[in-house]
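Step one of this worksheet: look at the structure below.
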């Protein structure tokens, strides 16, 4: 079992864990956390899968993951702003139609 | 090959990461979830180090430790002050739905893991190709070369995404100060007085490093943003006359410079982003410096979370960091 | 003159000009509408130049930064991209004109509509031209994020809610897509579509990657049963935004799907997977149409109609396997163009009606003679294309799809198309009948010209495109991954 | 064996208990103020010993200086944060533990 | 030497795992923030040790960034609790 493979597997599990969290939880902040965890898993798998080259690591996936991280930060900040706005306009912390579930 | 403790480390770290992620998703208190997530980000940087991705590790350390944590805490505070602090539990699912989802996720995990065995044992990768053209790229560090030259188009659009995030956030709301009063503590003032120059210097160091070693514009910008946030916490603010057009100009400056550099190509009969060979180095340097400044302001603006109105005391601050960079 | 026309990379400017204009609109909000109109006209011009170049000199590529793939990113101006650009040019121009009248200067929404829309436009054009898996991810994120911001533009609780749903679904979709890209890069060491098309092996890993990417993109295209986020987001946004979301944005992930399935993974995708998509498409057609029939509000009706129309696009996957491939291909791309124009026009009419009547409840519109009735007639004209009545482009498109289904011997798709058409006429007639009931309401003011003419012009274009369908049809096949003859006659 | 190596090993071995003490203190001490106390042990001494050990091994002065800078920064942050958190806790009405729990 | 550095890094990772218990127990937000702070310091130490063990000192730059930013989140936390002290009181009562 090689080291990159361990991290690839961990990345895939993080991705699925995040997917579960995104679907199962109603609180918007939790959903955003879950999406971030998903993203981390994807990035980890990306780097690990491409990091098996012998010698110096391949710089291209590193650059791609950097781009991905920035994009995810942008999404996270907009998502948080939306969540705050929803909380302020309707005192809700989740999407409509799920009030009973909290 | 792998020494014993290192292998143990590599087994323990992913396990801890998964556990942290799990706890962060399941703990009923949201503040705890956010703290666990911050810890998760911290350890994630260690994972990047283990995967020999120092650039990603730097970015994760800068973003995860500085910006994301602050972003989440600020958002949590605002949400709680609007809707109250509540516990959050998973939706009560019907057992059938739970079983179905669980099975689907586990099946996906099994399928994906099983497909990994098909990965080539000796992958190609683009590393050698990047090395071969590194001399023509204008920088000496492969990751920076990919980001700013070989795949510069991705980076151009990525900066557009960041800019878009600010526009979207401003469109949603006006800035809500999350401090009703600045933190007043002589210790913090002293701390800031020492920290801001150090952050500015370190940002310059990372930016300079990026041309030949791990580092670069985004990481440097995150440090600058952290400096701006520190200044913000201790009550610094942007003068009202700066919060309009000048601020917007600073926000878009990096992107505009990048765009201008990009269209030199099509205007002179080359491809988009194809720099004239003699200008590659200075152009990339200029774009990188301006990008650092703009991205730092963009990241700060996302944490502030709304359009500065000029009248309120907490628009983006004009800290020494920002001013030093503008001149 | 011709030398420049045939060698200059015109398509690049359809990305650059809106990007620059977006920045200007953000900097100087007062001049934003002007920047928008100038951009709209120039994008239309650049699309025309691109079409001319493809028509005369065939598809062409551009290596960005002068770096050849796999090191660099390649932009590709080929037939499929061109049809998408045409859609984007037509819809974009119309909506831009409409928006100058819809948002007023005092409006907070105007301040942000223009930069957001121009960024969205640049992102859509960039996506249509991209020939690189990872670059497609970045452009798709740009498309999604700007769409989300636009969907939340009016700040109403419903719009915020819809935008949030959209955002979460979008994140899930794009991360799933990115994981697929990671696997592909790990296996083949490149993300260039053309190179991948030559090297991809039809093994389990490719299938896993394809499944991940497809799942993510299905969520982003809102294919039934993953459409849950679309109606709230599309129906609660301001009408010009709804027109863009339905007319343009849903087609972005769709094009990526087509490129993946037919260019990169033609052998990896099994017939079973293709039929699964086809059956989901059928489900979308029927479910979306039924839901549209039940809606009480005009905008929701149109939004559910989008859910249904998305289904037709997915019929390509099963129908393009075999001898009818070219027929189905042309049919679906024509349908994309037709649907883009007609749906955008319908949403714009909704906007004018809401502006006049103050609401869009169907019950409240009954007896809408006079000025509202005229708007409803424009709606009906747009619906001619949507339903697929001759001689509209929608008719030609569906005709081709039906031919492909017959040739492929897949009768159930034929039946679904027929049923979908029937249901579509049902919900359109339901709206239209409002115009012919006795008028009770007091007369309403006439809408300003800028809110009347653009939708009318767009729906007329959509109908007339049917008469000129041969040219787009030929262009669609330029550089397309399918070839063969276009079967215009019924060949059982 | 080089005496520098021996010194480094001694310092590294000495660092471990401080981190452990920091963690145990974090777990076992009765209130937030005591725990702060434990935390600063790890910051100042544990990390300090590691930094000294590694600085002994460094090839150039620049590297040693970088290590020292990191240590100084952590101490500075640690002190400031400890002060601020203690202040927050005090303002929130938490009484420092006085020996009777 | 290398082995020792690695062993110590592993040991520090274990102390982080132990420290997670405090995040779980709380009782107050300040306690949790404190644990995160300790993780930051420990993370810096691990980075230094790993960099030494594998002879790649560019990882010390990552440690430097950690050290630079370790205060930012904590200060954000403190400022979050700054405005109204009564609210903080309620929050703590609720949290414990």
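Think of it as A, B, C, D and E in the order they're written, each chain with its own count starting at 1.
Here, a residue touches a chain if its C-beta (ideal position, glycine included) is under 8 Å from a C-beta of that chain, and two chains touch if they have at least 3 such contacts.
These figures come from a predicted structure and were not determined experimentally.
Participant: Identify the chains in contact with chain A as well as chain D, in label order.
Facilitator: B
Participant: Counting only C-alpha atoms to place each centre, which chain is farthest from chain C?
Facilitator: Taking each chain's C-alpha mean as its centre, the farthest from chain C is D.
Participant: Counting C-beta pairs in contact, which chain pair has more, A-B or B-C?
Facilitator: Looking at A-B and B-C side by side, A-B shows more C-beta contacts.
Participant: State, to the nearest whole Å, the distance from the C-alpha centre of chain C to the C-alpha centre of chain D.
Facilitator: Whole-Å distance between the two chain centres: 58.
Participant: Averaging over Cα atoms per chain, report the distance between chain B and chain C in Å.
Facilitator: 32
Participant: Express in whole angstrom the distance between the two chain centres, defined as the mean CA positions of chain D and chain E.
Facilitator: 11
Participant: Starting from the mean Cα coordinates of chain B and chain E, work out the distance between those two points in Å.
Facilitator: One centre to the other, that is 19 Å.
Participant: Among all residues of chain D, which ones touch two or more of the remaining chains?
Facilitator: 73, 76-77, 80, 84, 87, in rising order.
Participant: For chain C, which residues are shared contacts with two or more other chains?
Facilitator: 134, 138, 141, 145, 148-149, 152, 155, 183, 186, 189
Participant: Multi-chain contacts in chain A: which residues touch at least two other chains?
Facilitator: In chain A, residues 12, 18-19, 28, 49-50, 52, 58, 60, 64, 67, 71, 74-75, 78, 82-83, 85 touch at least two other chains, as defined above.
Participant: According to the definition already given, which pairs of chains are in contact?
Facilitator: Contact pairs between chains: A-B, A-C, B-C, B-D, B-E, D-E.
Participant: Under the definition above, what is the set of chain B residues touching chain E in their complex?
Facilitator: 3, 5-6, 8-9, 12-13, 16, 19-20, 23, 27, 29, 31-32, 35-36, 38-39, 42-43, 45-46, 49-50, 54, 57-58, 61-62, 65-66, 69-70, 73-74, 76-77, 80-81, 85, 178-181, 183, 188, 191, 195, 198-199, 202, 206, 209, 213-215, 219, 223, 226, 229-230, 233
Participant: Mind listing the chain B positions that touch chain D in their complex?
Facilitator: My answer: residues 183, 185, 187-188, 191, 194-195, 198.
Participant: Which stretch or stretches of chain A touch chain C in the complex?
Facilitator: Spelled out, the residues of chain A in touch with chain C are 12, 15, 18-19, 22, 28, 31, 35, 38-39, 41-42, 45-46, 49-50, 52, 58, 60-61, 64, 67-68, 71, 74-75, 78-79, 82-83, 85-86, 89-90, 95-96.
Participant: Note which residues of chain C are touching chain A in the complex, please.
Facilitator: 134, 137-138, 141, 145, 148-149, 152, 155, 157-158, 160-161, 163-165, 167-168, 171-172, 175, 178-179, 181-183, 185-186, 189
Participant: Of all residues in chain D, which touch chain B in the complex?
Facilitator: Answer in residue numbers: 73, 76-77, 79-80, 83-84, 87.
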